[in-house]
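After this come two complexes, each holding chain A, first together with chain B and then together with chain C.
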Partner chain A sequence: MRSDAGKLSLILLMAPFALWILLLIVLPQLGIGYVSLREKVGPGQFTFGFGNYLDFLGEPIYWNTLLRTAWMSILVTILALLVGFPVAYYIAKMARQRSRAALFLLCLIPLWVSDLVRAFGWIVLLRETGLVSGALQWAGLISGPVELLYNDVTVVIGLVYTVVLFMIVPLVSTLDGMDDALLEAGYNLGGSRLTVFRRIIVPYAMPGIVAGCIITFMLTAGSYLTPILLGGKNSSWFTEQIYNQFITRYNWEAGATFGVLLLGFTSLVIWLGLKLTGQSLATTVAKD
Partner chain B sequence: MYDLRCENVTKRFGDFTAVNNVSFDIPSGSFFSILGPSGCGKTTLMRMIAGFETPDEGDILIKGRSVLKDAPNKRNVKMVFQHLALFPMMTVGENIAYGLRCRGDARSEIGGRVKAVLERVGLPGVEDKQISQLSGGQKQRIAIARCMVLEPDVLLLDEPLGALDLKLREHMKIELKQLQHQFETTFLYITHDQSEALVMSDNVAVMNAGRFEQIGPPKELYENPVSGFVAGFVGDSNRWSGRVDRVSGGTARIALDGGETVLGTPGAGGLTDASEVEVFVRPEAISVGKGDEGCTLSGTVDSLLFNGANSRILVRTNSGKLIEVADQAGVSGVAEGDAIDIHWPGHLALCFGKGAA
Partner chain C sequence: MAQANQSRFLTVVYRSYVTIFFLYLVAPLLAAGVFAFNDSLFPALPWQGFTLDWFFNDTEPKLGMFHDERLLRGLKNSVYIGVIVSALAVIAGTCNAFLFERKQFPFKNALYILMVVPLVIPGVILGISILVFASMIANGIDAATGVNVKWLRPGIPLIVLGQFSFLTTITSLVIAARLQKFDIALEEAALNLGASRSRVLMTVTLPFLFPALFSAFVVSFLVSFENFNTTLMLVGSDAPLTITMYDRVVKVGSTPVLNAVSVFLMIASGSLALLSVLIQRNKD
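Up next is the complex of A and B:
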């Protein structure tokens, strides 16, 4: 009787989650996978095979874009870690208890504004007639207006700004659990600041670092708005290719293939990253 | 030869004086305890010695050399933390090797040193275990081994037994003392548990509100406390408040709050007529039966508390005081509700002025 009630409540609680996963994630992915294996031989006529994948490999611009997206995403992830770690360390370990919540909230405030508006914010700042360009001219550092948009540096900066929060949150929660006595023990036993950081803080924060890196990497590789708006035509972001195939060229088969490839490729990168750092998903993202 | 010496050390946090003009010496190779209630400043004192806090006044010398200018990682004092602070992401061997690697020992020597120190603490062959696989007592020993492998001048221990259960705590007390003998290193032990301090130490300093009340061997603190605080904090004591009636020679006649009159011995500092005092009598000093005038009270047996050699008779006096009387393994043969007289030798009733402590 009791276990029946337990089972029922488990089913009721899990049902919305299971439906969500099934209907919105698994089914569409299966559909995408199915479409990607479909080759168009004539109007309304299809055969099945790996032709779409071979097309991808045969066209350097496609796989170069994928590689470029992966590299830039890795770069963004590393930069987000470098920027986010000191911030997270300050919030978790150095800030007073009372200001901690306020600082955390400050980190969340950008999320109240939509991605699109924030990207336009960067445009207002960086365009030829924008604030930065104007300020530099006024200060006499440059003679004419300068275009700061539509280059890789701007795209990377914009992406780091968008995703850094998702690096900070897991880091704060990991570092928060670290007893200060561990650091003091590290110094007491003769460790320098560098040693304590390298041998105690970083290994302790490793689960948070890996979790943050996975989230930021996935978000970056799959982002669309920021690279398009800040990078313009030159951004060559892989999601842009997917969009073009689906919408501009109405080639769903190729678009689906690219989608599957992006998922597969980013998963591969994360798997490699986990192998290299000796972590597993169970010890990082799934940590209680 | 002193391993550690503190001279007039003072530390303030804002208006609050945590450590107030504390001075002491610890002879080489001895076990020294600082005993005090929580919040008395003993942890602050220890953190100053380790270098995590800087004293506002005074000096700290290790082996005769002032260490105030040395950073924590440059001082040869090692610390066993309250919750041990073993590094959870390292194995036992790595935990112990950490300090050796920081010191720059050759890689080839580290393995041998780790092995040797693990044998000395009685845990050979656990190098590759994870910290979480160890029991509480084993963690304790690893935390000590991690410090001792560096051959510190002084080992600081900050209530390391606090987290252990009672049985293990009793066991570790003896083990700690043995380890100290074996390593022949100076131990500075901080605790709020008087039995830990009394059992293990060569010398104990009783600390209260940032000051040292008394420093001495455990026996001296127990038998000749210099203040009411020490008398009440070290060991069990019956404590009665009253007012001095008359002081003559070595004895004081005291009118207790309940109306009885007892004779007591004035403690250090003396007493003045008509001042408020507290009388301290240890349970084991009291025996059943009628004694001398001024050293006897009568009442009824309220309850019997059996605890082996620590058994007590609780006596309620005619004026309503509850008095603990030692009852060696329940031999006295009294029953609850019996009318009873109790007495004690006059020189064991110590009187201290109230608030003068």
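Up next is the complex of A and C:
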């Protein structure tokens, strides 16, 4: 009797989970895989094969865009880690109890402001008639207005800005748990600052670093607004190609192929990151 | 002595770095905010004096956001989508939390990973995959029966499904974290005292979970409200606010009314987030 009730409640709890994962995650992913293997030979007529992938390889614009998105995402991830780590360490270990909570909240507030608002803020700051250009002219550093938008440096700055909070939050929650006695022991044993950092702090923070890097990387590679608004029409970002194929050209076969490639690429990098650091998805990303 | 000076110097450098970082963090938000109050047709210097026209004025060319039909419709759609999808995600998340915290079943670890996976799929991909899958089903139904299933075509129902697909992971994790802290002895005590299972759930377990349910709802609502990537692929004729704003930026260029919307969004989402933090803290 007791175990029947247990079984029934297990089935009832399993049902929404199974429906969600199956209908909204697994089958749709298989769906784009299927469409990417489909080639149109006539109206309503299809054959199957790897033709769409060969088209992708045959067109340098396409794979160059993917490569560009890839290396810029990796660059942004590394920069976000370098920029964010000291801030996270400060919040978790150096700030006083009260200012710690305030600083952490300050970190979180831009998190809740839409990407669009943030990108729009950068546009107001950086365009030709913007604040930075105006301030530089006022200070006499430049003679005429200068356009600071629509270049790669701005795109990278904007992307780091958009994702750095997702790096800081997991880092703070990991570093928060570190016992200060560990550091003292390291110094007492004669370790220099660098040694303590390298041998104690970094290994301890590793789950946070991995979680932050995974989320940051995924968000960057999949971002759409920031590269397009700050990089202009020719920002050549891969998600833009996907959008163009799907919505503008209505070529779903090519769009699905690009989607599979982007998903395959991000999954590969995330898997490599987890393998190299010996972490698992459940212990890193799921922790926050 | 030299050592002490050096370390003080390092502290100062470190502090300044953190200060500069926070300036970098708020600079674009300030820039977006300030020009909502500039009495000019462009969000740029020179400063022409303070005005609230970009919020409340009802005539062109300075049509304020609260009189701009399209922006208001976008806002309404966003709230509508946000409330529905958050309610659904909280319900599904609660089921998932109980499933993974309380039940034992085969392949539990693998299924747990599967639950986390939506967080690491880029939003654009979630959007196109759901678009493709829904269209395949709709086309299949159309071919078999001749019925055109409207809600499987781009529009608000698909946006809700698309956002639900990854918000459920977030709500599940938030609620499961709280459920983990629950002392199961409390439930057993209530059961021993003769309460029925459903009564225990309503009077003991769910009240304990309430702060987590509330903050899961707020987080989902905010994420849904600001979501762009997934929504962009699934949008039909009823566009939510972020899409309407993006259209405006691309087609009209920047106008101060967008600064006004930005201020409105910052205040609204900031206070919602703060509210959820406070409720969470009070209960802990």
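Note that the second predicted complex is superposed on the first by the 254 of 288 C-alpha atoms of A that agree within 3 Å, B and C clash if a C-alpha of one lies under 4 Å from a C-alpha of the other, contacts with A are read in each partner's own complex, and residues count from 1 in each chain.
The rule is simple: a contact is a pair of C-beta atoms (placed from the backbone, for glycine too) under 8 Å apart; a residue touches a chain by one contact, two chains touch by 3 or more.
Bear in mind the structure is a predicted one, so any value in this text is a computation, not a measurement.
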Give one word, clash or fit, describing how chain B and chain C relate on chain A after superposing. fit
Is A:Asn188 touching anything from chain B or chain C once the two structures are fitted on A? First, second, both or neither. first
More chain A residues in contact - chain B or chain C: C
Is A:Thr129 touching anything from chain B or chain C once the two structures are fitted on A? First, second, both or neither. second
Check: chain B-chain A-chain C angle from CA centres, nearest 10 degrees, reads 90
Just to be sure I read the superposition right, which of the two partners does A:Phe48 touch: chain B = first, chain C = second, or both, or neither? neither
Examine A:Arg199 and indicate which partner it touches, taking first as chain B and second as chain C; both and neither are also allowed. first
After the superposition on A, what does A:Tyr250 contact: first (chain B), second (chain C), both or neither? neither
Would you check which partner chain A:Leu108 touches, where first means chain B only, second means chain C only, and both and neither mean what they say? second
Using only C-alpha atoms, work out how near chain B sits to chain C after the chain A superposition, in angstrom. 7
Flag every residue of chain B that touches chain A in the complex, lowest number first. 50-52, 71-73, 77-79, 81-83, 85-90, 98-99, 102-103, 146-147, 150
Contacting residues of chain C [partner chain A, same complex]: 14, 17-18, 21-22, 24-32, 35, 42-45, 91-92, 95-96, 98-99, 103, 105, 109, 111-126, 128-133, 136, 161, 164-165, 168, 173, 222, 225-226, 228-229, 232-233, 242, 245-246, 249, 254, 258-259, 262, 265-266, 269-270, 272-274, 277
Across the complex, what residues on chain A touch chain C? 9-10, 13-14, 16-17, 20-21, 24-29, 31-32, 35, 83, 86-87, 90, 94, 103, 105-110, 112-118, 120-125, 129-131, 134, 161, 214-215, 218-219, 221-225, 229, 239, 242-243, 246-247, 252, 255-256, 259, 262-263, 266-267, 270, 280-282, 285-286, 288
Listed in rising order, the residues of chain A that touch chain B in the complex are 179, 181-182, 184-192, 195, 199-200, 203-204, 206
